[in-house]
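What follows is subunit A paired twice: with subunit B in the first complex and subunit C in the second.
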Partner chain A sequence: MARLELNDLRKTFGRGEDSVEAVSDLSLSVSDGELLVLVGPSGCGKSTTLNCIAGLDSVTDGTIRIGGDPVNERRPEERDIAMVFQNYALYPHMTAAENLEFGLKMTTGLTAAERRERVESTAELLDIDRLLDQKPKSLSGGQKQRVALGRAIIRDPSVFLMDEPLSNLDASLRSTMRTEIQQLQEDLDVTTVYVTHDQTEAMTMADRIAVMRGGTLQQVGEPLECYYRPQNRFVAEFIGEPAMNMVQVTRRGDRFVADGFEYPVPKRADHLSSGNSFTLGIRPGAIDVVEPQTGAATGTVGVVEPLGETSHAHVDIADTTLTITTDGPGTVERGDVVGVDFPPQRVHVFDVDTGVAVARRDGLPGDPVESNLNTQVD
Partner chain B sequence: MAGRTDTTFGGARLDVSWSQIRRYCYDGVTYLVYGLAVLFFLFPVLWVISLSLRTEGAVYTSLELLPSNPSLDSYREVLDSGLLRWMRNTLFVAVLSVTGILLVTTPAAYGFSRFRFRGRRSLLLAVLGFQMISPIVIVLPLYDIMRTLGLTESHTGLILLYIGLQIPFSLWLLKGYFDTIPTELDKAARIDGCNRLQTLRYVLLRPVMPGIAVVAIFNFVLTWSEFVMAYTMLSPGGEDLYTLSMGIYVFDNQLATQWTNIAAAAVIGIVPIVIFFVALQRYFVRGLTDGAVKG
Partner chain C sequence: MTVMLTMTSDAAIDDPSSGSGIRRTVGTYVDSVVSRPLFWLLPALLFITVFQLYPVFEVFRMSLTDMSLITSEESYVWLENYRRLLGSERFYSTLRVTGLYSIASIILQIGLGLGLALAIDYGVRRGLRGPLFTRVVVLSAWIVPGIIIGLVWKIMLLETNVGVVNNALGRLGFGIVPFLSDAQIAVVSVITAGAWRGTAFSMIMFYAGLKRVPDELYRAAKIDGAGPLARFRYVTLPQLKSVVFVVTILVTIYSLNSFDLIFALTNGGPGRATEVIALSMYKSAFNSYEMGMAAATAVVLLMVTLVVTAVYFRLFDISEEI
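Moving on to the complex of A and B:
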């Protein structure tokens, strides 16, 4: 166990004009035993960051510290880390037991009997003791991932690095393994950096999320903090499924207006200048269906996607389409004319040009500060 | 019923559809083409075996594939004339050449596949360019260089030549196999404490084995049957140095061409290659198909 710190980390590939900056001035710290999820779209620099921490890629600039010690110059095996890869990266010619044992053989002075004992106890922990004599090609995806996890656990590292470990699994197995990894991480209490592009994984597993885009850190915080108080439009749209609705509006007096849309300016957005344009963000689950002409806007229901307990309905309002989440099937039907409304504390306001949140809510749902301040409307 | 025809054949009524008839015809043509292809490749071998079992006189008088009076005299004669020594020489040259080629190309292919360094692409293209030069074009300058180095009339010189000449093709082939192995294996090995050479030795060598088998078989067959370089480098040194291909040439002398002896020596010469191929065939076939599918 150890604290992991990244200070002004920069990684550039190539030289001169052809160089590409994959990670820019990234500063992060992961507390002892914490599970931090690096999340972002493909090419955002999250895997490069992980490779830099692991020592698989050299760092262009900045410092990486594990347990307070700078490790930039250390080789991967000297950093006391273990890594789990997306495609398992099991050695195909070795049995599961040999895969688990290999790292111990190469880095420790343990005897064969001691190594065997560690292999067996790790296998028991992961429930793969019956698979120890099998080679990777005869294992299922889930079993392979367990062996890969075992290979990381067996070395008792200070930091776990996981590079999209569930991406190759089918949906149901992914859900099961997600819970198991979370449980395992809690039990072992090992500092963990987990990379994924799946925001559901990020939300459900993380102690904290670090959202990245184009090599830069967009926001770091607890999952619900990123969900309810996104720092910018990118985080707001990336976190949450379906994605947050965005409506271009202009402030006119005490109202935000757009074609077919009119909404009172929330108190916390009072400082915004009248006549300027903004982007309003409203999560699909925050929108209520009301009688036509009684809410912020009135529109016609287009496609409805029934999901069982909930449905996603797409409502066309002038030249904008809002996605709303409704209870169960049958709440709205295609072609219905409906009104939509939403509570002021669920409205996010972003700068049109920079995408920065200009009127963030002050707390999360349930916080005293939140209920006092944000429900008031001008 | 549409597409179905009732056919009377020899008094029996056949109920077959047009699609079935088309499939039978397609299968028939396919097997016919396969049969012709097999015959095309197998007939010369069968003919050489047939020649080796004839008496010298029957070579020009009979066109039968199965000789009417088969004889093993040619085999006795070639075995008494030094064929075994030539085969030993050939085996020595082939094994050491293949070993040398693999020792050079395996780490080189790994390096070209895994490392990005300045001039990598140019070097690869230069290697490919060298492969495009026919060995026959450079045989005389090579002989001159080897003579200056004192490496003519020795198996060592010939082995070094074979290694040098076969590196480009083998390197490209093997690099292709390394490219198909995910780089995550290298990363996992490095985190498990391997340096680059240990990664190659303990982790990548086994997955790339089909490629190594292809390179080994290809070069073994090539060096086993190579004539021009061997003849140029070894012929002044006397028959004791000869390789198999040169030894067979001995039977085509100024006085006569001993076809039955040439055929018998050729048949015996094929045997080690067949054994070698059968031993590595599993890897060879897998290697070829892997290459085809994964590029």
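Moving on to the complex of A and C:
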């Protein structure tokens, strides 16, 4: 177990004019035993970052430290890391036991009997002891992923690296494995970097999330911090399902105004200049349906997507459409004219050009500072 | 026959009185014909029967006769040709040469082909320049007919100062090397020319096999601490097992049946030092005009090839790949 640090990490592919910068000046640290999730859309540099940490890709600039030691020049096996791949990457000609054993065989001086013992205890931990003599071909996706996890665990590494390990599994298995990996990581208490493009995985599993876009870090923080206090519009839209609603408004006096939309400027946004344009962000779950003409805006309900306990309703207001999470069936119907409103602490304000959050809330729901603010505002 | 019967019974069921009825009936006929495996197998079956099975049968029949190119009469001598063939010193000499040539070809072609394929694959995976050029150069050896390659090598190995190789050796201060007239060196020359040509084939097969190996396996092996040799031993080779099998069988078959290159390069000489079975078969047929004897040699060569292939199937456990 160890602390992992990335200082000004930069990675470019290609040379000269054709070169592409995949990761730019990335600085991050992962504490001992922490599970950090690197999340972002395809091509954001998250997998490249992971490969650099693993030693599978060389670093163009910057330093990677594991347990305080720079490892830039070390080969993968000298970095005391283990990796789980998206496509499992199990050796097809070896049995599950041989797959688990291979790393030990290559890197340790253990005897065959000692290796066998380690294989059996790891297999028991992952509940794959009955599968040890089978080859990957005859294993299901979930079983393969367990063997791949076992291959990482068995070497007792300082750092686990997981590259979208669940994306090849079907939805129900994915949620089961998600819990299992989380439990395993807690039990083993190993520093882990987990790469995914799935924000649900990031939210549910991470101790902290690092959101990346175009090779640069957008925000690092605990999942709820990123959800309630996004630093910019990208993070706000990427985290949360369905995505945050965005409305272009202009400040006029003490109100944010747009076509068919009017909302009092929250106290924390008082410093913003009147006459300027902003983007307001409101999460679908924060919006309440009210009587027409009484809230921030009034619109007509379009498509309603029932999900059982809740529904997603799309409400057309002038030329924008807001997605609203409502209570189960019957709350609103297609064609209804409804008013929408939302509490001021749930409003995010972003600069129109840079997308930077210009009036972030001070704390998370339930924080003492936040409770005080709420009473002031409300 | 089965197809025809079905068509008749289908026709009886449908009422073809209306236009759409006729179209439906025709459609049903076509469907019933094309949905049968025999329809799709027939062209291949016909081709194999006419161009392969019948000639094999005819050669076998000829081997039991005293058929000759200089007389139109022939009579069945049954196993006489085989008795003469297996009793002759020449047969065992050609068998020995063929065996030596084949073993050397297999080792060289697989070794060199795999080496080249690995180098090209490495270059491609690393994004280096040159793999395409190398592939084209090596493959050009494969597309040139063996008889021309034999002639080219013959010119290169001429035992005078005009020969490219002897000329070069001369400049380096060596004497003339009898590449084609010394019995032992001639065998080496033939093997070298054969390997030069055949390597292209095994290279392209191995390269195709290497391209199938997922990059993630190599990455996983690196993380697991496997160095370049261990990655080759534990990842590349097992993944290439089925390709090695196919290449070994095909190279063996090609080598056992080698004819054109050796015919052009040494014509089996000096003496019978480089005479392989296929060449002795040709000589029986077109030098001695003994078609029956040539056919018997061909049948024995076919048997040898079948036995060797059967042995390979036993040696390689490729049940999983197949």
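Throughout what follows, the second predicted complex is superposed on the first by the 373 of 378 C-alpha atoms of A that agree within 3 Å, B and C clash if a C-alpha of one lies under 4 Å from a C-alpha of the other, contacts with A are read in each partner's own complex, and residues count from 1 in each chain.
Heads up, the rule we're going with is that contacts are C-beta pairs under 8 Å (C-beta built on N, C-alpha and C of every residue); 3 or more make two chains touch, one makes a residue touch a chain.
The shown structure was predicted, so the numbers you read here are calculated from the model rather than taken from an experiment.
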| request: Determine, for the superposed arrangement built on subunit A, whether subunit B and subunit C clash or fit. | output: clash
| said: After the superposition on A, what does A:106 contact: first (subunit B), second (subunit C), both or neither? | reply: both
| request: Return first, second, both or neither, reflecting whether A:318 touches subunit B, subunit C, both chains, or no partner chain. | output: neither
| Which holds for A:91: it touches subunit B only (first), subunit C only (second), both, or neither? | both
| message | Quick one: is A:257 in contact with subunit B, with subunit C, with both, or with neither? Answer first, second, both or neither. | response | neither
| message | I'd like to check the shared interface: which positions of subunit A are touched by both subunit B and subunit C across the two complexes? | response | 54-56, 75-77, 81-83, 85-87, 89-93, 102-103, 106-107, 151
| task | Could you pull out which subunit C residues touch subunit A in their complex? | result | 214, 216-217, 219-226, 230, 234-235, 238-239, 241, 320
| task | Mind listing the subunit A positions that touch subunit C in their complex? | result | 54-56, 75-77, 81-83, 85-87, 89-94, 102-103, 106-107, 137, 151
| message | Which stretch or stretches of subunit B touch subunit A in the complex? | response | 182, 184-185, 187-194, 198, 202-203, 206-207
| remark: Counting only contacts in the complex, subunit A reaches subunit B at residues 51, 54-56, 75-77, 81-83, 85-87, 89-93, 102-103, 106-107, 151
